[in-house]
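What follows is a short report on a single structure.
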Amino acid sequence: MSRPDGRSPAEPRPVEIVPHFHRNAEGSVLYRAGGTVVLCTASIDTVVPPWMAGKGKGWLTAEYQMHPRASRARREAREGRGKSPSGRTQEIQRLIGRALRSAIDLDAIGERTIVIDCDVLEADGGTRTASITGGFVAAALALAKLRAADQIAPVLRDQVAAISVGHVDGEAILDLVYVEDSQARVDLNVVGTARGSIVEVQATAEGEAIERRDLDGMIDIGLVGVAKLVAMQRSVLASAGVELASLFQAGRFS
Amino acid sequence: MSRPDGRSPAEPRPVEIVPHFHRNAEGSVLYRAGGTVVLCTASIDTVVPPWMAGKGKGWLTAEYQMHPRASRARREAREGRGKSPSGRTQEIQRLIGRALRSAIDLDAIGERTIVIDCDVLEADGGTRTASITGGFVAAALALAKLRAADQIAPVLRDQVAAISVGHVDGEAILDLVYVEDSQARVDLNVVGTARGSIVEVQATAEGEAIERRDLDGMIDIGLVGVAKLVAMQRSVLASAGVELASLFQAGRFS
Amino acid sequence: MSRPDGRSPAEPRPVEIVPHFHRNAEGSVLYRAGGTVVLCTASIDTVVPPWMAGKGKGWLTAEYQMHPRASRARREAREGRGKSPSGRTQEIQRLIGRALRSAIDLDAIGERTIVIDCDVLEADGGTRTASITGGFVAAALALAKLRAADQIAPVLRDQVAAISVGHVDGEAILDLVYVEDSQARVDLNVVGTARGSIVEVQATAEGEAIERRDLDGMIDIGLVGVAKLVAMQRSVLASAGVELASLFQAGRFS
Amino acid sequence: MSRPDGRSPAEPRPVEIVPHFHRNAEGSVLYRAGGTVVLCTASIDTVVPPWMAGKGKGWLTAEYQMHPRASRARREAREGRGKSPSGRTQEIQRLIGRALRSAIDLDAIGERTIVIDCDVLEADGGTRTASITGGFVAAALALAKLRAADQIAPVLRDQVAAISVGHVDGEAILDLVYVEDSQARVDLNVVGTARGSIVEVQATAEGEAIERRDLDGMIDIGLVGVAKLVAMQRSVLASAGVELASLFQAGRFS
Amino acid sequence: MSRPDGRSPAEPRPVEIVPHFHRNAEGSVLYRAGGTVVLCTASIDTVVPPWMAGKGKGWLTAEYQMHPRASRARREAREGRGKSPSGRTQEIQRLIGRALRSAIDLDAIGERTIVIDCDVLEADGGTRTASITGGFVAAALALAKLRAADQIAPVLRDQVAAISVGHVDGEAILDLVYVEDSQARVDLNVVGTARGSIVEVQATAEGEAIERRDLDGMIDIGLVGVAKLVAMQRSVLASAGVELASLFQAGRFS
Amino acid sequence: MSRPDGRSPAEPRPVEIVPHFHRNAEGSVLYRAGGTVVLCTASIDTVVPPWMAGKGKGWLTAEYQMHPRASRARREAREGRGKSPSGRTQEIQRLIGRALRSAIDLDAIGERTIVIDCDVLEADGGTRTASITGGFVAAALALAKLRAADQIAPVLRDQVAAISVGHVDGEAILDLVYVEDSQARVDLNVVGTARGSIVEVQATAEGEAIERRDLDGMIDIGLVGVAKLVAMQRSVLASAGVELASLFQAGRFS
């Protein structure tokens, strides 16, 4: 099977991460993976939702929105204008939030809320996993700023990244572009950590069910992809002057 | 570890399925698994959504709604009154729809829409998996009625059921009640088929990430639970006079 | 004139009331009158709406919702999803609330709110009157539970039930099924008490106006129907171990 | 019992009806009954709702809205801005629509829709009955314009008016002002015709139930009030050059 | 160029202002300019929006709504029922609010909110400028009532009025009716004061851009119109017993 | 008076325009003016709104949205999620649409819709004028693509740009940053053309009215600013390979 952009089955797309793209947010990146571009900003505020007030703990939540011209083909209606975000959007932003909350000890950041805004400027598959991978870097940049100002102790407990895997024509392939995604018999998203463990797996057989051994193979290839992205995140943060280890709680960095 | 209701780790709750509970829907069951009760109805109509019209194919969609007093503790506001269903509800009804669509060859039912309504009357964990397992029986009852009237050919390609698995205190346990669910470190839902393959896996580490081998163990136990439910579905359908094999496409029944 | 189900003009449909159908609500019944089935639950909570707080008084309110497949003919859109309940639904739940408030001395229940949820599972005419008649039994079961726990004094001041009356082909008929309702020239709902007095009368001439004497005749027949339902309520409560008289304020039981 | 404005129990408030107050609508009146002022307009358009198209019949519907400063005490939020009209408003406009539809043979007006807009500029009780009584005059003015242009045949089959009755301190009183309304034990609205028959009766015991004979007495007094309003309507229409009899179908005028 | 109603280019429409038309509001006028009729009410309440509380200052806001039959041609849907006011309506009520706030020293009225409701009963062009001109008189009547009761000091700092100007067939014309408005190449609204200065200018070239000198000419003619309206306002207030000068802060009246 | 960033009164902020920033839209720029950053995309589709269909003419509309972290201070709620855009947003996008429609002969582009999306990523004053100035370049890039493909004839009739002017401490200043804007006594936005004529002027005195001569001075300085932006637009387009003159209708380029 040949892929539209000539990649081998387990090869992720080239990724470019521009840190500090947005000047007002505490942390931000412009995340490009092939034809997918997501602006991830991390805003930190010293308030928490009403149901958390007075407990001394923090919270992290995410919002995800497609730019109306994210698709190459044509403009779509601006989402959520005058109505609630679609089920798909809500599902995605709940996933991003869970994934990033697993990486941070929110009990240790005080009564602060971190909001990760993921604005998909261009979409060519893998926008939810790009949001998680880019969102982690934006969050780390924002936490580094608080850490540098001595406002928080080290609070990271994991480094997370995410990638998609598909099963097309009997073969597992990594990091699908849009046309591959629409042909895939099974669609899987893996959120994993720098130490190789799993935060979330969502596997969906669009048509027929999948054999257990095929699922296992897809998870394997996904974790290989996560490992590459984790290295990429670390290198971008280093180039932006952030030593990731210094943000980790004792004994958690790997 | 002892479970609140004394079950062993891999033991599902007792299930009771009352077929034809609702007299107007083409198919229906009242599905009880312990303290969880879901009224599943399958309505079949000879229309399809506008975007599908004229293609000669059918569609299946699901709606899920909690009764305001589903919780033992207290009444909640009636969901979706004057606002869109919550993100959780939309996520669940999208899952139910995908799971049941995988079981039916919708290209073969003509321009018909099957709507599965899952009204959770009482909730004690596992409402989404109960909706899928009960929803399959409701759909089969409705399809059997059409088949008996010779309006459709056999259209089933799989028999699906779903169950939850949790990881609590280092151990995988099957079919969580509400208090177990709130303590689980990892929460997994498996949708599987009578032949042991997988339609959907959703695994979420609420706090810390999970090791790959623990995830594998959870999927194992989940598939054991699915096998038990599949047998249960078959026996209830038989007692209601429906021979499941007769609804399957050639070579698909197992 | 012969009725579709062979009843005589002043004969109500057979009624079946299953107490405690819903296990979580403080009180509940599954109410069946012919082809109409309503799940009535009474939930009691120790809060009151903000505008009543601090006055030491209670409140009762009702919600009414049609199951999307309540109609025999076909599924309707699930009401109130993403928009407000229809005018008809609001009118009905306001009526149910008024009717049941008249039966209970809310000043005597303390700062508690009773919510009566009336979910119409199947509809064949008379759903609003079934909701009132069944709702009274659910409320009485819930109040009996509080009374047994010595949390309230006797608070009932009336026993209420409701029934519909129509004027079809020049004759008053009791407890209309759907096809009769759609032919009726005049439609009347009576909410009455065990002592024969009137809580609410709503008479509507769909087309031509009605003579005063015909209206009087319709009210007469309605009160006969109410008397039968009141007896039925009392017998169901007794069989569920609730002595209605013990819930009444002094001198109010009849 | 003495009334706040010194009226005797069965005496309605002075009514002033200004025809043609609104210059664009086909028919309109400014209706004043004491401190209640309603602008009623009747607009006739040659379209019908989609579900009626092609049947050659007409439709009438009503909208009711309170001006934000209708109350003497203080300004209320403008109703329905960004949300649906309240249950009370919907109930009222459904009532107005039913009442006026009973007066007109809509099958005889062709594919036209009559919309009665009732904007309550000042409110001191009885706004719904004022809307019906004034709405009838507005509708008659509009129909007279069509009749004069020979676009319709005579289409009226009844002349309707409405008034409220209350039961305060053991006595039935007619046409309640706001402070009386809030003290009334029973609240009744009667919509009646020129020939003394009844279009709608809505009687509600706010607290305790009412005896049958008291209800009968309230209906009696209400019909006396309707008779006075009917005469008033006729005289205003005559002064505006409309001979009501000429709008009635053969044998229907009385 | 001849105008539809025979006016000369710089001649405004005849204006009629009925003070105290609405009896409940603290101030009100029915404002008629040709075929445009607006009911302006000024309600004063002793509360301020939450974000202003405790500062000892007041606020003024405006609401604008078209009656569904404001247009001569046909009834439009009642605006804002179940949805937000249109962009046009919001733009207009923001303009009315800004214009009237410029006239009043809100720091001097204490913690009060003045709400100007502008209900357009009939529309033939110039509804937003009529709302401002009439709204000023309603506000002055309300402030005079507070002043008479010695509840406020003099608080006016300007007298404002507004009028439209168009550029049709190469000529500037004042106070456009609807048909002129739809032909105008440029549309301008001027809000000005009694002393000839400018509160707001909004000039919009609907098609082609306009030369600077033409814009200047349009502003000139607009200020002439404002001067005439300002005199009219003063005379109506005087006839209603309000001496405008007495409401002005020292040295501000002209 | 000294300005926060040291500019002279009539000096605009440095502008940077990155063409083709967004790869999917037919035309796009990332527009930076000091601390204000707007992503402008122009999408062209071969459909028109229903009310324009079949007339052979085109349409242009604009959407404007603030990124939730556009403000330096803190994150705001994402606008329009589950509710309509604010009055301010609607006012702005109506302005952008009018301004750009005046530049293009929409009758000449066939049945196409041009949508200009203006996403304000960072906001420091002048976001609406930046949207217009950047939006024109995005539109020109998109039209150049159609022109190059010979799908349209030359359709431009004007080149438009916009800038803000304020009156602070008695002096007119150009292109206000946020802190200047909040101090300005008068706020003016000018939309002008390459030939020096005016498309739109919106002048608002926030507090006291302004003298006519001061308004004239503000318009003067605004037109000077427009001239500088127009030159900037032309140079960016040229560097992107677009000769602006070739897009203009005969005799319209200047």
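Things to note:
Letters are used for the chains, namely A, B, C, D, E and F, taken in the order the chains are written, and counting of residues starts over at 1 for each.
We adopt the following convention: contacts are C-beta pairs under 8 Å (C-beta built on N, C-alpha and C of every residue); 3 or more make two chains touch, one makes a residue touch a chain.
Please read all numbers here as calculations on a predicted model, not as lab measurements.
Number of steps on the shortest path from chain C to chain F, with steps defined by chain touch: 3. Between the Cα centres of chain A and chain B there is a gap of 29 Å.
Each chain gets a centre from the mean of its Cα atoms; for chain B and chain E, those two points are 61 Å apart. Each chain gets one centre point, the mean of its Cα atoms, and the points for chain A and chain C are 53 Å apart.
Shared interface positions of chain E, i.e. residues touching 2 or more other chains, are given as 82-85.
Traced around the ring of touching chains, beginning at chain C and stepping first to chain D, the chains run C, D, E, F, A, B. Every residue of chain A that touches chain F in the complex is listed here, in rising order: 22-25, 35, 37, 39, 41, 43, 45, 63, 65, 67-72, 74-75, 78, 80-85, 115, 117, 119, 121-122.
Contacts from chain A toward chain B in the complex involve residues 83-84, 86-88, 90-91, 93-94, 98, 102, 157-158, 160, 192-193, 195-212, 215-216, 219, 223.
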